[in-house]
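Please go over the structures that come below.
Okay, so chain A shows up in both of these, paired with chain B first and chain C after.
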Partner chain A sequence: MTRIDAAEKYFQQLNEEIRGASGEIVIDNCCGQRYIGAGMSGKDLLINGVPGNDLGCYLNGGTIRVKGNAQDQTGDTMNEGTVVVEGSSGDATGYAMRGGKIFVRGNVGYRAGIHMKAYQDHQPLIIVGGEAGSFLGEYQAGGTIIVLGLGSKKAPMGNLCCAGMHGGRMFVRCEELPDDLPSQVNTAVASLDDMASIEGSLKEFCKTFEISEKEAFSGRFYLITPNTKNPYRALYTFY
Partner chain B sequence: MQYEGQTRIPSGCAISGIFSRSGEKFNGEDIIRSITPMHDRSNGLGGGFAAYGIYPKQKDLYAFHVFYDSVRAKEECEHIISSSFDLNVAEKIPTRRIPEITDEPSIWRYFGLPYRKQLDDTGLDEREFVSRFVMKVNTEVRGAYVFSSGKNMGVFKAVGFPEDVGRFYRLEDYEGYCWTAHGRYPTNTPGWWGGAHPFALLDYSVVHNGEISSYDANRRFIEMFGYSCTLLTDTEAITYIIDYLNRRQGLSLNEVADVVAAPFWSQIEAMPEEKRRYYTYLRNIYSSLLITGPFSILVGYTGGMMALNDRCKLRSMVVGEHGDTVYVASEECAIRTIQPNLDRLWSPRGGEPVIVTLNKGVTP
Partner chain C sequence: MAIDYNISEYDVVRDPQRCIACRVCERQCANEVHWFDAETGKMRSDESKCVDCHRCVSLCPTHALKIVKNPDTFRLNGQWDNAAIGEVFRQAETGGMLLSSMGNPKNYPIYWDKMLINASQVTNPSIDPLREPMETRTFLGKKPDRLERGADGALRTDNLPPQLELEVPIMFSAMSYGSISYNAHESLARAATELGTYYNTGEGGLHEDFYSYGPHTIVQVASGRFGVHQKFLEAGAAIEIKIGQGAKPGIGGHLPGAKISADVSRTRMIPQGSDAISPAPHHDIYSIEDLRQLVYSLKEATNYKKPIIVKIAAVHNVAAIASGIARSGADIIAIDGFRGGTGAAPTRIRDNVGIPIELALASVDERLRQEKIRSNVSLVVGGSIRNSADVVKAIALGADAVYIGTAALLALGCHLCRTCQNGKCNWGIATQRPDLVKRLNPDIGYKRLVNLVSAWQHEIMEMMGGMGINSIEALRGNRLMLRGIGLNEKELEILGIKHAGE
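Coming up: the complex of A and B.
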């Protein structure tokens, strides 16, 4: 195991040290350094402190675990691997993500999963234990977003979610969805088959954070999907 | 010389603020340490600070901070100021010579009150009189720029990275109950001393991360009321909008936030009757003061501070609390670096103002 003290270290130097290390790496006293784990694969990072923006951008394998909160654009354009945030994660978490997993125990900020996409066996996944801010899944083009709203009394999402969504799936655990979702998405209570498709991932999430499966699986799950293959056609062209 | 694509400047402006609700005063070292981890959000073309409660001995006098490009500008400005104000002090603002800060103008400050007779003759209230004086100097005296004009507060700004600007102005020598800071990455203007943040008028100061798209609509409206947007930067317009709505129109800061970061019409339509009427009224009356495009701002004023994001929250902002102290910053690291143990940390929603004021009975 390699330990790196990030105190007073400029982001370039810190990232060089991470690139130079292998296997398990623990970073202490992290304070806002950007691009940690950029393009990384085959390593396991544990971060104590606050990592900076674009944590795990272009991540191509391996794992990153943050003991506290992460800032903005976590997992920006990541391709493979896993990011685990024990606290909350900022705006645009999973920005343009194209593979791999992001697990957040707490909340995510605005625009989580914005323009997430999928291709063949690259099927990105974001699971949020708490709530998501507004514009969740904006322009979502593929992959799966699951919001559990553990401890929430209302729909665990902000305003105008799924705006521009045209692919992928979103699961939200709540009694009632907000009424400002766009007309281009379908909403339905998730079927047994739908739930079976995410059961393994949800169990993994519960295990990661030691959350009771009973709690996480309880209540109603809604499934949100775009309602046609090309839901915005009529917005931009006349035909 | 480097061309486009040969270098990348990963920037986006940084703001930070610290406010002690119990009125406890602290020097400028904390705010400098707070803005430092966000170094890469700015590019060295502007940094600045606003501090409240720093001039207790002259707390009833207006403190003017002025940049001069030339001796002539200084003479012209001093002629105007000394004919309108009973001045107690005129002095150079103390600075520290450091290699990171260069090409500094001459930087002076003056403490004073308007002459009673002049004030009575004009029939203006004192704050309006001072505001008009600031506009007059900034539009009519070439090479002079009044960048701070409140009581018991001051703005300190320069071209440079904020941590260097803080050292340049010897902020360790000032103690205030509220500090705000800005690291600049200018998007539309070349970046000069006057264009650095905070922008201030009277005791209002604004630091801003973002780039508003409604600048010209806002400017055209606000210039009808005697303001001159001389610097072509959006933050200057925001400062005047806040002064106009809060001081001149008498709106509360919550109402100001509901004007500049109003909800969408679709959201207003879904509101209960009373709220719908309130927002419809504000949006109709002040339609030209809706600020669109990305912004996160910190507004300082005597006894308080307001943090506000645009309604779509296109810029990041987090708020932390520890005891009586409130911290606001573009990034969490800026708060944790000075206060690792927070009682509470949250991200306000877009358009939702966070207003902190001194506790009851605490005088600024």
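Coming up: the complex of A and C.
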């Protein structure tokens, strides 16, 4: 195991030290350094403190666990691997991710899962324990987003979610969905089959954060899916 | 309905004396213009489907075919020409936005044609490139502020920021796999490798077969992040962040699901059959500081080994925007003029948004010089370069290199019929249909690209020699080598050149 003290360290130096280390790496006193784990694979990072924007961008494998909050664009364009945030994560969490998992115990900011995609066996997953901000799953093209809203009294998402969604699935645990979802998505209470498809992931999430499965599985889950893969087909004409 | 009937722009004229009804035209036309009438034993055609790509004309063994401008016309009107009327009819019928392909074809000024190049007479004698050294090699990237010497007194070169080395200051501009075919990409990749220059993946990812051309590949990261992953970033010689495109500044793009074949899906890393939507903005960029963050995330992911290019469309405040980009950590700024090509863009945007690259280039180069940050970045311009004289003029206005897209496609057989958006390119370029793709032979295609750029390189050398200049460095930003012709005071001021005769 390698321990790196990030106190007073510029991001370039910190990231160079991470690139030079291998296996398990513990970063102490992290305070806003950006791009930690950019393009990383085959390493396990444990971050004590608050990493800066673009944590795990282009992540290509390995794991990152943050014992605190993360900032914006966590897991930007990530391809494989796992990011676990014990606190909350900022805006555009999981931007354009196409593989791997992001687990956030707390909340995520605006535009989480924006332009998330999928292909073949790359099926990305974001699970949020708390609430998500507005524009959740904007342009979502693939993968699965699950928002549990643990402790929430209302739908655990902000305004205008799923705008432009044209692929993938979104599960939201709440009694009633917001009424401002766009017309190009279908909503339904998740069936037993739907729930069975995410059961393993939810159990893993509960285990990761020591949340009681009973609480996480309780109540009603909605499933949101797009009703077309080609939302703009009728938009154009030619002369 | 009768009111939806539009006059075909072109008419197919067949010489019955020459036609031998061999049906080549029928087999070659993906638009299904031609057919054989078994009753009369004659070929017939439906000109309303013709896009004037000249495939049938080129392959007719008896030269029996001509495509001519259709003399049929609505009542002539200076304000409402046939196209203006036809577009209204089409939109009234469908309610759709008009979509077009390739560059803005409208009759706007072409500033390249209003600038003349200098030559030496008597003093500062001209140089003959056939017998004297003439340097067209160019390096793109941030240049150091000062020279440094090592302990042994030799110039240090180990502390340079990453550079792209071009044997000739011409690169192939971004065209994605999806918008153009596998064979077109292979032709570009092989030609770039042989020429010692670069081609650009566009935002469609890099096909697994083309990773071997990585040292001559610029990989692109756009708002949709299609095909962007660690291996892709590491494969290229440089990474281009696409902010804008000259043909459609300010908007994104939609590659229709019908074009997302299994192969395109694998390369773009997106679901098969789903629309590939590139949002208009990058959702992580709202400021120059945010752009800096994307630039540095790519540098971090590739360990500072590759130059980062930021590509923008030429728009009204381009000089101020470029000044911001030059401070963002980017190594190269690529600017695409309003004539730049596209596989599909809304017609109104293509034809009305953006500014000419000549003016954008001159104002950006001047602004960066004034602010003393010109050496922070190299400038690459594209979007209307038609020939070697345009290249020489661009470099004299301040460009380090140019991007060519349309000219490269023409070399591959494009006939500028401007209907890429329908995916039925008869020349095998802008299509994914296997029977059409195979019409473009990459062995021939790459050779034609090499021929074109080599010919331009010779012409550039001749023009430089004529000016008494023996290296691209000495031509770059050398606006005294240009004179305007028929330009007003304001245009001359923006271009930073004198009028002919001055």
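Convention: the second predicted complex is superposed on the first by the 232 of 239 C-alpha atoms of A that agree within 3 Å, B and C clash if a C-alpha of one lies under 4 Å from a C-alpha of the other, contacts with A are read in each partner's own complex, and residues count from 1 in each chain.
Here is the rule we go by: a residue touches a chain if its C-beta (ideal position, glycine included) is under 8 Å from a C-beta of that chain, and two chains touch if they have at least 3 such contacts.
Just so it is clear, the model here is predicted, and its values are computed rather than measured.
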item	value
Which superposed partner A:106 touches (first chain B, second chain C, both, neither)	neither
First (chain B), second (chain C), both or neither touched by A:124	neither
Touching partner for A:72 - first (chain B), second (chain C), both, neither	both
Partner with the higher number of touched chain A residues, chain C or chain B	C
Which superposed partner A:32 touches (first chain B, second chain C, both, neither)	first
First, second, both or neither for A:95, with chain B first and chain C second	second
Contacts of A:158 with chain B and chain C, given as first, second, both or neither	first
Chain B versus chain C as contact partner of A:81, first or second or both or neither	neither
Which superposed partner A:53 touches (first chain B, second chain C, both, neither)	both
Footprint overlap on chain A, where chain B in one structure and chain C in the other make contact	11, 34, 53, 72
Of all residues in chain C, those that touch chain A in their complex	6, 83, 86-87, 90-91, 93-100, 223-225, 228-231, 233-234, 254, 256-257, 265-266, 268-277, 279, 283-284, 293, 296-297, 300-303, 346-347, 419, 421-422
For the chain B and chain A complex, residues of the former touching the latter	10, 37-38, 40, 266-267, 270, 312-313, 316, 318, 331-334, 336-337, 345, 347, 349-350
Residues of chain A defined as touching chain B within the complex	11, 31-32, 34, 49-50, 52-53, 69, 71-72, 90-91, 109-110, 133-135, 158-159, 179-180
Complex interface listing, chain A residues touching chain C	11-12, 15, 19, 34-35, 38-39, 41, 53-54, 57-58, 60, 72-73, 76-77, 79, 92, 95-96, 98, 111, 114-115, 117-120, 122, 138-139, 141-142, 164, 166-167, 229-239
